[in-house]
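What follows are several structures.
You will see two complexes here that share chain A, one where it goes with chain B and one where it goes with chain C.
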Partner chain A sequence: MAEQTGMVEKRGVGLWLTHLGLIIGVAFIFFPIWLAFVASTVSQPEIVRPPMPLLPGDQFFENYSKALTAGINAPVALMLGNSLFMALGIAIGKIAISLLSAFAIVYFKFPGKKLFFWLIFLTLMLPVEVRIVPTYEVIANFGMLNSYQGLILPLIASATATFLFRQFFMTVPDELAEAARVDGAGPMRFFFDILLPMSRTNIAALFVILFIYGWNQYLWPLLITTDPSMNTIVMGIKQMFPSGDDIADWPVIMATSILAMVPPVIVVVGMQKLFIRGLVESEK
Partner chain B sequence: MGHMEKRVTFKGIWLPLLLVLPQILITAIFFFYPAGQAIWQSLFIPDPFGLSMQWVGLGNFEYLLSDRYYRASFVTTAVFSILVTVVSMGVALYLAILADRLIKGSGTYRTLLIWPYAVAPAVAGVLWLFMFNTRVGVVTWYLGLLGYDWNHVLNEGEAMGLVVVASAWGRISYNFLFFLAGLQAIPRSVIEAAAIDGAHFWTRFRTIVFPLLSPTTFFLLVVNIIYAFFETFGVIHTITSGGPQQATTILVYKVYSDGFVGQDLGSSAAQSVILLVIVSLLTVIQFKYIERRVHY
Partner chain C sequence: MATLTLNNVKKSFGKTDVIHGVSIDVDDGEFIVIVGPSGCGKSTLLRMVAGLETITDGEVQIGGRRVNEEEPMARDIAMVFQNYALYPHMSVFDNMAYGLKIAKVEKSEIADRVAQAAKLLQLEPYLQRKPRELSGGQRQRVAMGRAIVRKPAVFLFDEPLSNLDAKLRVQMRLEIRALQRELGVTSLYVTHDQVEAMTMADRMIVMNGGVADQIGKPLEVYANPATEFVAGFIGSPPTNFIPGTLLGRSSDIKIGIRPEHVTISENGSLKARVTYCEALGAETLVHLISADRSKITVRQDAVLPLPVEGAEVGLNWAQANEMNFDQAGNRLAV
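Here is the complex of A and B:
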């Protein structure tokens, strides 16, 4: 009869098998990261004479300080700064322009509203990967290659964020706007004093998602940052590999990989509840 | 898109126009203009010096569709996307079912499993490249001990396998979260009733759990295919650069390599247009489904 407790709960051997299955899954997820971490704490000779050790070595400080201060093409500290700037710019920029346009679309009647709504909607269908060459030309014509504007602007127009806020604004009781109007408060007053504070959780949840989206960009920075000092960390790692047959400086590359993971992982794990909420909401 | 109107609205025409202006400007400059350019350029062939363009109508498309490498890239993309989707969803569903069986501790496993979501595809690529590197890779070395000579630089199948696993690995978290949420939304009483009727685990899963999970599964299918099509560029660029012999050149990679490396602008633009059509179709499917789900 033990079987009858079913999917819902397991006891005894079944319980242990369930844990075992999950632990194997967790190990599979962790193993590549563990190896990268180990590689970032040992010396180059230990890696190039395989098999490399599976436990951390004593070169942690040397490798990380070498990566951060010198790197290979550019100091990784600089690339971290670029990534941070880009990720924050994309997250804040997207949230700001989406809040404003969603507010206009939900709370006003104006000519062209339907048209604007559909124009924004259509951008859902155009990931940057699809239109890279012409978008690159636009940025080049604006003289924005190797600039933060060039890294950020093409990635901040997003229909998803606008939809999310529009959806949320639709659930805000009409009485609030009515009351604001009766009190003689203008629309912007209503926006800043009532709507914005009410949207706090949504904004925070979206921020987590967009920060990671911005941080993890690869193709776009690869195209428009030819100057190593403008490289972001995620795209910069690949640039650290030597062309030709030379052996890569694995400890420094792996230290850089770990550094590239730390900020977004902290954001995801630290803001887990908001993150899950943001993920599920923004995909609705 | 349902109702867009509020009963209570503010007056004014210039203010709302001003409010939508930033987004419309950015969208126009960085979305519609480049997309228009892609469509326009796809109808021309630039001369070798880039001084003039020659109108070829649908010539670029005809050329592309008869190009052996482009057609091969379609097949590669299909194989790659299906494998990535099946592997990442399969593993995620398996882990979600296990986590759902636990009364205590499923939260801990969730925390342990979600964070690879934060790892960029390009970084995932570097991690897997390191393990399977032909000279220093740990896995390569142990496979060598077992008598297996791993070399994804030369072997097309191994190259495909490696980019699939690296792409799927980073995607497990995302799918796991949605599957776990879907499983936890299934009323326990339904499953318990079936269990009391004597239905075994597999029967219960097939007849009750899986059908109830199908909206989640369908949603994830579409989202994962979109991911495999467009967001795995970083994995492929870091691990194989599309090789060997273009065995891992998916469509997005080909747009990049023809447009930027090969400088074949007409062909690259035509490829962009084809991708545009594919994304539009996928988006329509996704929205059709979401509309339906909203009406449930």
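Here is the complex of A and C:
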């Protein structure tokens, strides 16, 4: 009981200490991001001259508009668009495919059902990096280098999501499927009218995770896009780094980094409520 | 509204036979209760009529039409499930309207029918709520409403009251029966509760191990059970079974006698020791144990004096109330 009351409310010094601890923690995590933001608002000479500035400068609009419209290899706006398209494609595609395959595995009897499930499950143990060379070969032979299909398709199958939906579908009472059958709903009607709305929170939670997964892809886009107009933002940042004797345009690089963070943050904040509900509760 | 015919209906899962051939002709508007202990195949039988289980052998006819191969939807049935099986994300209205929407019934017609059912079931204030915002009894009513709006030929109930508390169960039992009479829809009702079977059924099917032990009107079944199982299952407290040897008769038979037919008297022919008395107010249940350790229950009027626990008493009954069973449990003609 004693620990429980401690969990619920703390008084006096304990309360202040707790908050102090949390504030230090937040400051610690946030500091590099702050530095990046500061660096994106000052001019190049100010950055390279020690000590590094800790307060924002007056170059905000200059740096950001330069980044968005011109960038270094490609305009950041274009790269953001590419990343957004790829991340959405991966997230939506993964969810659609996983929902359907989980639906098949849970609700239909077919020969080799167990085998297929385990085949899907086994791919959990093979990360992208392991199969990257053969995948590259396949995509290259399909002529999908430097294309959105090439960026999205190889990453679109997801054992994790399939497994998650399978677990969720198995908790849905059988009677619901039977009631739908008695009501005259065919399998796909049941899927769209009943299963899909019931999975709403799970889908939202997965969307957040998968969007960020897609957004953060680095190695794969780096391999298959050679045309700067197909660059994604995460690999784009790396390519802004100077090679050889070029001078790094740090304010623009930092502005790009900050911009690269914005969409995932919007997705997480916007879907936070659904996301947490999807992870902790199953609505039945 | 239609008749329902089961013609030697059988079901096997692989090599295991779970239903060994059940036949019954159900009249239009009749309320049939299938009762039996868990695992006797009563739900399976119902699900075969519903079309949720395949029929291994035999024939099911609804309104004189063979429906063995038809989907549930095409059989013109409606089913009420044990856990109600309401769609959690849909409002009460949508839950009831879903089947009609799929059947492409006109929107105004759907609204009419749902409104009618809601009125009948006193669900009008709740039409826009979600199932999770309703009490157990209300959910039960929604499940009923979903069945009613379809105007089916046959209602199928799969233990619809077992998730309710005792008081509500009694109330809903009456409501369901009244509703069924009003609508006049042929109904098949599965339960493990013999009280529900006794109180609701026009006729009941007592199932035991995949066999219909007896089919008949409740009071007939009660007064004249066909097997030892039926005698023991229908009636609470259950029938007493006394080995023939104890009464100086053949060792091949067992004598069944209902608790209300036994009286305690000093000069009773069978001696037994009182182990416990349950005074229920209007009546008293006296539990006794005989010399061969058979348990016997006597149901007596509360005005009669309570026997002392531990005392040795005599038991008496009229010969006419005896039921004789052979060792296999079949009733013997007297």
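Just so we're on the same page, the second predicted complex is superposed on the first by the 261 of 284 C-alpha atoms of A that agree within 3 Å, B and C clash if a C-alpha of one lies under 4 Å from a C-alpha of the other, contacts with A are read in each partner's own complex, and residues count from 1 in each chain.
What we mean here is this: a residue touches a chain if its C-beta (ideal position, glycine included) is under 8 Å from a C-beta of that chain, and two chains touch if they have at least 3 such contacts.
Just so it is clear, the structure is predicted and the values come from calculations on it, not from any experiment.
Asker: Do chain B and chain C fit side by side on chain A after the overlay, or clash?
Answerer: In the arrangement built by aligning on chain A, the partners chain C and chain B fit side by side.
Asker: Which holds for A:I194: it touches chain B only (first), chain C only (second), both, or neither?
Answerer: Once the two structures are laid over each other on A, A:I194 reaches chain C alone.
Asker: Taking the superposition on A as described, I'd like to know which of chain B and chain C A:S101 touches: first, second, both or neither.
Answerer: first
Asker: Mind telling me which of the two, chain B or chain C, contacts the most residues of chain A?
Answerer: B
Asker: After superposition on the shared chain, which partner residues are touched by A:E178: those of chain B (first), chain C (second), both, or neither?
Answerer: A:E178 sits against chain B and chain C alike.
Asker: Could you tell me if A:T162 is touching chain B, chain C, both of them or neither one (first, second, both, neither)?
Answerer: Only chain B is touched by A:T162; chain C is not.
Asker: How many Å separate the nearest C-alpha atoms of chain B and chain C in the overlaid structures?
Answerer: So the smallest C-alpha gap separating chain B from chain C comes to 7 Å.
Asker: Based on the A-chain superposition described above, do chain B and chain C contact any of the same residues on chain A, and if so which?
Answerer: In chain A, residues 178, 181, 283-284 are touched by chain B and also by chain C.
Asker: In the complex of these two chains, what residues of chain B are touching chain A?
Answerer: Chain B residues touching chain A: 1, 3-10, 12-13, 15-17, 19-20, 22-24, 26-35, 37-38, 41, 91, 94-95, 97-103, 105, 109, 111-124, 126-128, 130-131, 135-138, 140-142, 169, 172-174, 177-178, 181, 188, 191-192, 194-196, 198, 200-201, 204-205, 209, 219, 223, 230-231, 233-234, 237-238, 252, 255-256, 259-260, 265, 268-269, 272, 275-276, 279-280, 283, 290.
Asker: Touching chain B in the complex: which residues of chain A?
Answerer: Residues 3-10, 14-15, 18-19, 21-22, 25-26, 28-30, 32-33, 35-36, 39, 47-48, 50-52, 54, 96-98, 100-101, 103-114, 116-117, 119-127, 129-138, 153-154, 156-157, 162, 166, 169-170, 174, 177-178, 181, 186-188, 190, 212, 215-216, 218-219, 222-223, 234-235, 237-238, 247, 250, 253-254, 257, 260-261, 264-265, 267-269, 272, 275-276, 279-280, 283-284.
Asker: Can you list the chain A residues touching chain C in their complex?
Answerer: Of all residues in chain A, those touching chain C are 173, 175-176, 178-185, 189, 193-194, 197-198, 200, 283-284.
Asker: For the complex, which residues does chain C have touching chain A?
Answerer: So the residues of chain C in touch with chain A come to 50-52, 71-73, 77-79, 81-83, 85-89, 98-99, 102-103, 146.
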